[in-house]
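Multiple structures follow.
Here chain A shows up in two complexes: once beside chain B, once beside chain C.
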Partner chain A sequence: MRSTKRLICMLLLFTMLVSLFTACGSEKPAADSTTANSSAAANSSSTAKPFDDTKINFIGFGAMWTNEIVANLDKFKEETGITVNFQQLANDQLSNKIAVSSAAGGSDLDVIAFRPLQETLLFTNNGWVEPLDEYISKSPDFDINDFFESGKDICAIDGKMYGIPLMTEREIVYYNKELFAQAGITSVPKTMDELMEAAKKLNNPEKGIAGIAIRGKGSDAVTQFSGFLRAFGGDFIVDGKAAINTPEAIKAFQFYGDLLKNYGPAGVANMGWTETQSLFTQGKAAMRIDADSQYGFALDPKSSLISDKVGYFVLPEGPAGAKPFNIVAWALGISSGSKNKDASWEFIKWSLGKEMDVKTALAGNPSTRNSTWTNKEANKNFPADLVEVINQTNPIGVGTDRPFMINVGEARTVIGNVITGAILGKDVTAMANKANEDFQKLLDKEAKK
Partner chain B sequence: MILKWVDKNLKYIFTLPTIIFVLAMILFPLGYTLVLSFFEWGMSNSVPMKFIGLENYTSLFTDDRFLPAVGRTFYFSAVALFFEVLLGVSIALFLNREMAGKNIVKTAFLLPMVATPVAVGLVWTLIYEPTIGIANVIVKAVGLKPLVWLGSPDTALASLMLVDIWQWTPMVMLVVLAGISSLSTEPFESAMVDGATKWQTLWKVTLPLLRPTIFTAILLRLIDVLKTFDIIYATTQGGPGFATETMNILSFRHAFEYFQFGKASATLVIFFVIVLSIAAIFIKVKNKVEVDY
Partner chain C sequence: MAKTAKSNKITGNIIFYLLLVIILICATFPFIWMVLASFKSMVDLLNVDKMFIFKPTFQPYLDVFSKYDFLRPIFNSLLVGVVSTVLSLIFGLPTSYSIAREKQTIFSGIILVIRIIPAISFLVPWYIIFNKLGLTGTYTALILAHLLVSLPLIIWIMIPYYEQLPKELEQAAWVDGCSRVGTFFKIMLPLSTPGILTSSILAFIFSWNNFIFALVLGTNDTKTLPTAVFNFVSYTEINWSSLMAAAVLITLPILIISLALQRYVIAGLTAGAVKG
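So, the complex of A and B:
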C-alpha cells in the first residue's frame, strides 16, 4: 500500500518536473534556429528571397498609414519572405511598451514607431534605438534626400539618423459649416479675437453644442497650446531658460483657459484628442483645433454624423502672428536589441519607400517625402480645401509643438497643469510662476547630465 | 538509494515549486523595488544606475504631489470602503430570506464584480460624459443640476468612489451572505423563544455572530481598495490637474512617463510599508474584538 502511494507520488513529481523543464527548454532552440536562419539567409543573398522564414515584430500606433501598411503585409512577405507581426497600441502605451522591452534588452522588438519630438532624445540617450546611417547609405534607391529637411533634422542626434520620418502633422482648425451658417458667421476667424468672438456666437449649452473643443487634459493639451503660446509671442524655452511665466505666456494661458472655460464643452478639463474628436463628429462642437492628420475620421460617414459639413481654416493669428505647429509626428526606427536588424531595415525601406508612400498618401497619410507632395496623383484623395489650408500652414509652421528635451513627459505635466488650471478658472499668474520654477529645475537637471 | 532519499525529503520536494514561485514572483520584485529605490535610473541601457542613498525618499517629501496623493489614497479608500461595507451588509441581510427571484437578484448583483476593471472604466467614462452620457440624463430627470463628473477636480474623485462602490459592494455582500448561511440556527431559535423582535434579533444576534465574517470582508476590501489603479487609469489618469492622483497613479507616472524608476520605487516602498502596517493593526484589532459565542 505504502509503496504504491510512493510510486504515485514519484510519478507525479516526475511528470511535473519534466513538464517544467520542457516548458523552459522549448523556447531556446526555436529562438536559436531563427537567428541561424536569418544569418544564413543574409549570407546567401543571391537567392530571390533572402529573408525567407524571418519574422519581425513591429509595434506601432493606429492611423490611416498603419491600416494601409497592414493591408499590404502579405505583398511584402511575397516579395521578401519576411513575416511581420504587427502590434498596435495607443501613443502612451506604445512608449511604455518600448521602454519596458528595451530596458530588458529589447530583443522582442524589431521595428518601432516613435514620436521624434517626444522620444528621440530619450531613446538615443538610453541606447534603445539603432543608428541607421549605414543602412541608408547601402540603399540609394530609398533616396533619403527626398525627405523633408526638417523631418530628418528632428530624427538625427549628433549627425546620426535614428529614425525615418513617417508622417507630418499641422495644427489646424476644423469647423462645422452648418453650425457656422446657423450662427450667421460668413467668414472664418482670422485673428484670436475673432476666434473668441465666433466661439461665443456658436456656443449653445442648451442644445449641448460647444463653441469650440480643444484638448484640456493637462499634458495632452500642451501640443495644441503651443500654437496659442507662440501666437501671443511666448515660447516654452527662450535662450535655454524656462519661459512659461513671461507676460506673453500668461496671456496665452489666460486666453486658452477663457476660451475653453466659457465656450468649451462641459468636462473639457479631462479631454484628449479622442474626446474632442467624438464631440466634433457628433455635431456637438462647432469648431475643433487639432492635427490635420485626423481629418479622415471627421470625413468618414461611418463614424461621423457631419461628414459632409466639415470645413478647415488656418490657426488664427495673435499679437505675434499665426504660429501653428508643422511637425513630424511619427518615425520608424530599429530597436538596438533586435536580432533581425537587416530584415527590419528591409521593412522600413519598403513601408516608407517611394512606392508605398504614394499608396499611404492615397489612404490619407500626410507624407514626409517631397516627391509624394509634388505628385498630383498621390494627393487626389485629400479634400481640396484641406490641401489649401495645409499649403498656407506649411510656410508659417513651427517645427516643434512641445519643449524639446529628454524628460518631456514631466515637462508636459508641469505645463499642462497650468493649462488645466486656466480652464478651471484658477489664478494663472501664480500657477505659471510656480510651474516655471519646476520647469527650470527639469532643464537644470538635464544640463547637469 | 535515490528513492530512499526522495522519500525522506518528500516534504521539501513537494513544497519546492511553491517556494520557487514565491521567491520569483513576490520576494524578488519586492527586493528589487527596495534596491531600486536607492538608485537613480531611467531604464537606460547606456547610462548605468547611480546610487543616491535616501535622496529619492527625501525628494518625495518636498514634492508637491506626493503628500496630497497619500491623503487622496486614504480618503478614497475610507469613503469607498465605508459605503461598500454598509451597503454590502445591508443587501446581504435583505437577501437572506425566502423570496421569488432571489437567485436572479443575487446573480445580477454579482455582475459588476466579474467585469474587467478597464472595461468598467471605459463604460463609466461614457456614462459620466457630461454632454452625451446617461448620468446627466438621470440627474436632470430627478430635477437636479447636471454635473461635469470626471471633468472637474471637485467631483472627479467622488465620481470614482461611486464606481468603486458600484463594482465592489457585491463582493462584501457575497462574503457576508456566505457567513450568514454558515451560522447555526440555535441562537435564532432561542431568541425567538425568548420573544425577541426582528430588530432585536438583528442587532443582538445576527450582527454579533457575523462580526468575524464582516471583519474578514473589510480586510480583503481594504487591501484592494488601497491598491486601486485600473479604474483611475482607465478614466482620468490622475486628472483633471492632479485631482485623482493616488499613490499608485503617481508612482506609475514617475516610472513610465518620467522614467524615474528610483522615485517610483521609493513611493511604492512607502506605500507597501503603510499597507502592511494597516493590515497588521487591523488583524490585531480583529483578534481582540472577536469573541466566541
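So, the complex of A and C:
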C-alpha cells in the first residue's frame, strides 16, 4: 500500500514537471516561425494575385461593427481572394484565448481584436502583436492621420503602432425624459451637486424606480468611476505613484457611494453594465451613466420599454471640471505568430478603411476617424441629440478610463473594492488607504520588471 | 398507541413531501426560468412583472438558427462527443478488464493521476504539441483532448465492474476452449453492458458540456455548443432570449438522456462506492 502511494506521488511530480518543461520550451519555436513567416510573406507578395486561396483567422468580439463586417466578408473575398474565418468571443474569453495561443507561438491567430487600455501593454511586453508602422507607411490611401490623435496614442508604445483603433466610447448620462418631466426637472444637471439633487428628486422606491443606476460591482465600476474621480480632482496614478487615497479621491469615492447608496437601485453593489441597462430600458431607473456605445439597446422597441423617451447629457462637472472618459474601446492588431501577415493587413486596411468605416458607422459603430464624424451622411443613423452630446464630450474627454498598466485586472479589483465598500456604507478613508497600499505594490511589481 | 404512531407517520410524510417540494423548487427554478425566458421577447424577459404571464414567441428559437447559425456547433458537439466516447470505449474497456483481472495497480495509478490533475493544466502543453503537428483547429485535436478526460473516467468506472464479475464464468469458457480474447468479447463484454452504458453516458455528458478545450483548441469551424453560446454575448448588449433558447437546446439532449437512462447514471455514480 505504501509503495503504491509513493508511486502515485512520483507520477504526479513527473507529470507536473513534464508540463512545466513543455510550457517553457515554447519560446524558441515561436521565434523560428516568425522568420519563416516573413520569407513566406515576401514570396507571396511578389506574385500577381497574392492572396488567392489565402485564409486568415480573425478573432474578435460581438458588436454592431462586427455584424456589419461579417455581412460584407464575401465582398472582401471577391476583391482580394482572402477568406476570413471569424470567431466571436466575449471579452475575457477572447483575452484568454489570445494569451494561450500567443504563448504557444500564436500561429493560428492572424487578426486579433483587443482592448487597448486593458491589453496593449501586456501584449507588446510579451511580443504577441506585430508593429504595424511598416504596413501603414506602405498604404497611403489608408490615411492614418485621419484617426483621432488620442486613439493612435493609446495604441502606440515607444512610438510604434501596435493596433488600429476600431471603436470609441464616451462616458455619458442617459436619462428618461418622461420621469424627468414627472419630477418637474426642466434642465439637465450640469454639476455633480445638481446630479445628486436630481437623483434625489427622481428616486421613488415605492414605485420601484431608482434615481440613478451606475455600475456598483467592484472592478466593473472602476471605468465609470473614473469620470467622478477626475471631476473631483483626483486620478488613479499621479506622478507614477498610486493616488487613490488623496483627499480628492476619497471625496469622489464618498460621492459615488452616497449617490448609489441613497438613490441607486436595490442591490446596486452587484451590478455591472447589463443590469443597469436592463433597469434603464425597463423604466426602472431615471438616469444611467455608462458608455455611449450601448445606446442601441435603449432605442430598440424590441428590447426597451422607453425607446421613445431616451435623452442624453454630458457627464456633469465637479470641483475640477467635467472629465468624462473618451476612449478607444477596441483596436485591431496582427498576431506576431501569424503566417499571413500581409493578408491580415489587407483585412485591417479594408475593414477600417474610409469606405467600410462609413458603412459600420451607419450600422451604429462609433467611429475613430475624423472624416466619418464630420460626414453628416455617415452619422444620420445616430440620434441627433446623442451626436450633440458626443461632440461636446469629445474635446473634454480623458483618454483612459482605468489605470494604464499591465496588471490592470488586479488593480481594478483593488480599486473596485473601495467603490463597492463606499456603496455599502463602509469607512471609505480606511478602505482607500489600504487599497492605495495594495495598488502601490502592484505598480512597484511592474516597475521592477 | 397505534393511533399516535399513525399520525406520527402522516406528519412525517407531510414534512418529507414539503421538504421535497422546497428542494425541487430551488433546484428546478433556474431551469423553469430558462425555459420561460426562451419564449419571451427581450422586453418581456427583463420585465419582472411578466415573470409567468406573457405572450409567448418562437422568435428566439428562430433567431438561434437564422441569425446565428447554430446547426454547425450542434453537429460539432455531436461528432466530438460520439467519436471521443466510442474511442474511449475501444481503448478503455480492454484496459480496465486487464487492470481488474491482472491487478495492474501501477497502470491504474498512472491513469488515476491523469484524472486527478485538473484538465486545464494540460491545455498549454497540448496546444503547443497540436500546433507543431498542425492539428490546432481540427476535430482530431478536440477529440484527443476530450479522450484525455473521458478515457480515465471510463476505465475507473469499469475496473470495479469487471472485478465484481465472477472469474468462474471466464474459467468455464476457457475449459470449453475459448481464448482469452474470445472470453473478453463473448462473455465479459455482454455481461458488462450496464456498466458500459453508464460510463459512456457520463463520458458523453462531460464532452458535451466541456468548454475550455473547445475554447482554446477549436476554431470557428470546429466550435462546440458551449463556446457557441458566446455568440449571443456582444460588447454592447446581450441577447438573453436567444441565449436562453440556445441553453434550452443544449440542455435538452442531456436532460432526455439523463431521464431515460437515469438508472444507469446513478449506478455509475455509486459504482464501487461501498466496496470493502
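Structural remarks
By our rule, the second predicted complex is superposed on the first by the 400 of 449 C-alpha atoms of A that agree within 3 Å, B and C clash if a C-alpha of one lies under 4 Å from a C-alpha of the other, contacts with A are read in each partner's own complex, and residues count from 1 in each chain.
Going forward, a contact is a pair of C-beta atoms (placed from the backbone, for glycine too) under 8 Å apart; a residue touches a chain by one contact, two chains touch by 3 or more.
Bear in mind the structure is a predicted one, so any value in this text is a computation, not a measurement.
When both complexes are overlaid on chain A, the residue A:Asn204 reaches neither chain B nor chain C.
Looking at the shared chain after the overlay, A:Gln87 reaches chain C, while chain B stays out of its contact range. Of the two partner chains, chain C is the only one touched by A:Ser303; chain B is not. Contacts of A:Gln277 after superposition: chain C is touched, whereas chain B is not reached. In the superposition on chain A, A:Ala103 contacts both chain B and chain C. Once chain A of one complex is fitted onto chain A of the other, the partner contacts of A:Ser139 are absent, as it touches neither chain B nor chain C.
When the two complexes are overlaid on their common chain A, residue A:Gly421 makes contact with chain B while staying clear of chain C. Overlap of the chain B and chain C contact sets on chain A: residues 16, 96, 100, 103, 282.
Residue ranges on chain C touching chain A, taken from their complex, read 41-43, 46-48, 105-106, 109-110, 112-114, 116-117, 121-125, 127-129, 131-132, 136-137, 215-216, 219-221, 223, 227, 230-231, 233-238.
Contact residues on chain B toward chain A in their complex (touch as defined above): 3, 6-7, 10, 13-14, 17, 42-47, 128-132, 146, 148-153, 156, 236-237, 239-242, 253, 256-259.
Residues 4, 7-8, 11-12, 15-16, 18-19, 22-23, 25-26, 29, 57, 61-64, 66, 85-91, 93, 96-97, 100-101, 103-105, 107-108, 274, 277-278, 281-282, 291, 293-294, 296-297, 301-305, 329-330 of chain A touch chain C in their complex. Per the touch definition, chain A reaches chain B in the complex via residues 6, 9-10, 13, 16, 20, 92, 95-96, 99-100, 102-103, 106, 122, 125-128, 208, 210, 216-219, 265-271, 279, 282, 284, 336, 407, 409-410, 413, 417, 420-421, 424.
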